[in-house]
Amino acid sequence: MSAGWTREQMAARAAQDIPDGSYVNLGIGIPELVAKFVPEGREFIYHTENGMLGMGPPPSEDERDLDLMNAGKKYVTALPGAAYFHHADSFSMIRGGHIDVCVLGTMQVAANGDIANWSTGEPGAIPAVGGAMDLVQGVKNIYVITQHTTKTGEPKLVERCSYPLTGLGVVSRIYTDLAVVDVTARGFRVIELAPGVTFEEVERKTGAPIMPAE
Amino acid sequence: MIDKRCPSVAEAVADIPDGATVMVGGFGASGSPIELIHALIDHGARDLTVINNNTGNGEVGLAALIGNGQVCKMICSFPRSSQSKVFPELYKQGRIELELVPQGTLAERIRAAGAGIPAFYTPTTVGTVLAEGKEVREFDGRPYVMEPWLQADFALVKCEMADPVGNLTYNKTARNFSPLMCMAARTTIVQARKLVPAGGIDPEHVVTPGIFVNRIVEVTDPVHEDLLIAAGRSYP
Amino acid sequence: MSAGWTREQMAARAAQDIPDGSYVNLGIGIPELVAKFVPEGREFIYHTENGMLGMGPPPSEDERDLDLMNAGKKYVTALPGAAYFHHADSFSMIRGGHIDVCVLGTMQVAANGDIANWSTGEPGAIPAVGGAMDLVQGVKNIYVITQHTTKTGEPKLVERCSYPLTGLGVVSRIYTDLAVVDVTARGFRVIELAPGVTFEEVERKTGAPIMPAE
Amino acid sequence: MIDKRCPSVAEAVADIPDGATVMVGGFGASGSPIELIHALIDHGARDLTVINNNTGNGEVGLAALIGNGQVCKMICSFPRSSQSKVFPELYKQGRIELELVPQGTLAERIRAAGAGIPAFYTPTTVGTVLAEGKEVREFDGRPYVMEPWLQADFALVKCEMADPVGNLTYNKTARNFSPLMCMAARTTIVQARKLVPAGGIDPEHVVTPGIFVNRIVEVTDPVHEDLLIAAGRSYP
C-alpha cells in the first residue's frame, strides 16, 4: 500500500487548480496549508469570514496584533491592499458569489456533491456550524481536501452522507491523500492518482462507485 | 501583483453589449461617472436597461446616453428634475420604459443582489399603487411588501481613490449608490480620480473592497455634470 | 380673514415640537426652513437620504464642494461630527426607525393619517417618488408642514386623499398657516390656532370633521 | 452639544433588566467588550438572551457571564472552542438554551433588524437540519430559506475611537459583528479605547454613524480576553 500524498502535497496539488488572481477562502486544518504552495507567478487574495480581504501569513511574536485574527481565531497579518469590513459585508462576499474558491476539510462527501462537515449528529454533542453552510452555498467553487478514509479506515467519499449535511450538491472537486476526484453528473471520477497509488486501491477505499481517469 | 487597471475609458466599456443592464452610480450630478458614460455613448451599445436614482440632467452624461437613443428602460426613483428634459420627452412619446422604485427599496434591492439575497420584505409602498401586484405579508401584525434583488451586467462608478486591487474610497455624498452597485454587477467598471499603490488606502478606510471591482481607469480631472450644464455643453 | 402664520412661522412652530438631540430629516420646501428656527438650547442632527448625518447650512460660494449636496440636490456643508455612508445604510436609518422626526410637505393629508405627496396621478404625468415612501413608513414621527388650502382654496386636510397615497396612517401632526392639527384616533383635532385665526375658519377650510382644542 | 458619554461602565449597563435580549460584539476574543460584560456581571441582570458569534472562552467575559448563571439562552453560530468550557457544561446539563444560526445568517438577521427588514431569503441551510420547520421558496429555480430579523434590547460593543455624537471606528478584525449590533439594538452601549471631540473622526472614515449609538464609555486600556485567559484569570 502506498503512502500517497502528504498533507502538504494534497494542499500543493489543490493550489495548482486555483487560477491567478482568485479570491480564496481556506478552511481550518489542511486547507490552510494551500497558502504555502501558491504556484510561481500566481497570486491569491485571501478572504477570512471575520472581516478581512488580503490576509497575510502569521505574524512574528512582536508584530502580533490581538485584534487581527482569522476565522480560525489564529493571529494573522494584513498585506498591502488589504481591507477590513463588518460581518454582513463579509458574508455578502460569500453568499453573493464573489469568492472564487473555498477549500474545506470534511467528514464526508457524497457522489452527488453533498457535503457533511459540521456535525456528527451524535445526541448530546454541541452543534456548531460557524460559516460552513454559508460558504458551501455561496462560493463559486467548493474544493475539499481530506484523507481518503477516516483513521479507522472508513471511506469519507460515500454514496450518501450519513452525517447531517452542510450543503447539497455543492462540492466540485476532492483532493485526498490518494487521488484527485471530481464530482460529476454521473458520480465520482478520478482525475489523477497520487504517485504509486492504483485506481483499484482508490476504488476499494471509496464508499461509492468511482470512475477511472479518462 | 493583481492589477485591475485599464488604460482608457474606451477600453473599459468596450465589451458592454447591446441589451445589457447597466447600473450607473451617482445621485443627481454627485458621483456621476461622466467620462465612463460618454465612453459608453462613443461605444454605442443600444437597448440598454439603466439603473440610476435619476435620469440625468441637461444634455450630458446619463441624459445624453438616453438622448442618444441607447436606453430602452430606466429603473429609478426620481426620473425628473428641474434640468431633466431628455427622459421626460422620450417617456411622453412612449419611447422609453420606466420602472419606478422608491429610493430606499432601490438601494436595498441592489444591495440584496450583491449579498445573494433574492428577496426581502419592506414596509415601503404598503397600501400604495406602487405595491400593486406585489406580495404583501404580515410580520408581527404589520404588512410588508416583498421585493426582489436587482442584478446588473455592468456597473459604471466614479470614485475618489483606488488601488490596483480595486479598493475604493469616495468623496462625501458622491458615495451614494456606488458601493452597492459595485456589489451587484457582474462586471464593475470604476473611474478613479486618483490611483494609489496597493497599501495606499488604509485598510480601515476602504469603502468598497477590491473583490467587488473588475476594472479601474484613472480619470484625474473628471468633469462635473453641474459645471458642464452651467456651461451649456452637450454630448457628443 | 387673518393672514395666519407665514412660512417661516410655520417652520418655527414645528421646530418647537422637536426634542433636543433629535435626528431629523427635512423635506424640500417649507420643511427645510425648520433648520433656521432651532429653539435656544437645542440641537438637531440632520440626516439627508443621499448619505450624510450632520448636515450643515448652505456653503458660501468659495467653500462649495460639488460632491457635497443634500437630497434636494442643493449644496450643503458638513458639521463637526458628521458622517458619510452609502444609500443602503442611509435607508437603513430611515426604514429601521432610527430617525426621530421627518418634516414633509404634502398635497393632501387625511383624517386617518394617510398622506399623498408624491403624485397627482394625472395620466401622462411622469411619476417620481424618491425617498418619500421610505420616509413615511420608517421615521418615528411624521410631521407635515403645509398651507391649509391649495392656491385655489381647496382643502389639503381631507377625509380621504384623492391623490395616490404615499403612506397609510403615518402622519401624526400638521402645521399649517392657520393651525397646528393633530391626527388622533378620532380624526383631526386643532391643538393650537395661529394668532387671530378662529376655529370656525379652520373648520371651514378643512375637508373633514375637525375637533377644537381641548 | 449632543454628548452621549457616560461616566462609567457600571452606569452604562445599570438599566439592563432581567429577561433582556443583549447583543455582544466580538468574534472570539477579538472585539469582545470585556469591561462592559464584567459590569453586567456586577449589575446582576438575569434570564438574559445573549447574541454573539460564540459563547466565550475561559472564565472571563462572556463565558463568565454565562458561568454566573445570568444567561438563559445563547443565539450563536459556534458555541464551542478549545477554550470554552462554561457553556458546554451548562448545555449538557440542560441548563441553558441554544439557538444555532449559521454565521452569515446571524450577521444578516442582525443587519435586517437594524435596517427595518423583517425577513429575507437566503440559500444557506437549504436541505439541512437547520432549515427544518422553515419556509423554503424558489426564486429563479433555486430554493432559499426565509429568515427573520433578530432584534435586541441592548448591544454591548467595543470600539477603537468614538466621538461624543457616537461616531465609531474599530480596530482591524475586532470590527466583525459590532457595527451590525449597533444598528439592531434599541439601546447601544459602547466602550471606546479613545474618545475624541466631534470632528476628531474624518466623516469619510466613520464606520458606525452616531445615530446607532446611545451611550459611550471611555475604557482607555481595555483588557483582552486572550491575555486574561493566558494569565489564568477568572471573573468575578
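Residue numbering begins at 1 within each chain, and the chains themselves are lettered A, B, C and D in the order written.
In the analysis below, a residue touches a chain if its C-beta (ideal position, glycine included) is under 8 Å from a C-beta of that chain, and two chains touch if they have at least 3 such contacts.
Every value quoted in this text rests on a predicted model; they were computed, and no experiment measured them.
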What is the set of chains touching both chain A and chain B? D
Would you kindly say which chain has the C-alpha centre located farthest from the C-alpha centre of chain A? C
Report the inter-centroid distance (CA atoms only) between chain B and chain C in whole Å. 29
With centres defined as the mean C-alpha position, give me the chain B-chain D separation in Å. 34
Each of the following residues of chain A touches two or more other chains, namely 52, 78, 84-85, 88, 91, 94-95, 138
Two-or-more-chain contact residues of chain D, please, as numbers and ranges. 108, 111, 115-117, 122-123, 170, 172, 203-204, 207
How is the touch graph of the chains shaped: line, ring, star, complete or other? other
Go through the chains and record each pair that touches. A-B, A-D, B-C, B-D, C-D
Using the touch definition from the top, list the residues of chain B that touch chain A in their complex. 1-2, 111, 113-117, 163-165, 167, 183, 197-199, 203-204, 206, 209-212
Chain D to chain A touching residues, read off their complex: 27-31, 53, 77-81, 87-88, 91-92, 98, 100-108, 110-111, 122-130, 170-180, 207, 224, 226-227
The chain C residues in contact with chain B across the complex are 48-52, 65-71, 73, 78, 84-88, 90-91, 94-95, 121, 124, 126-134, 137-138, 164-168
For chain A, which residues count as touching chain B in their complex? 21, 23, 43, 45, 47, 52-54, 78-85, 88-89, 91-99, 138
For the chain B and chain D complex, residues of the former touching the latter: 108, 112, 115-123, 139-140, 142, 144, 148, 169-172, 203-205, 207
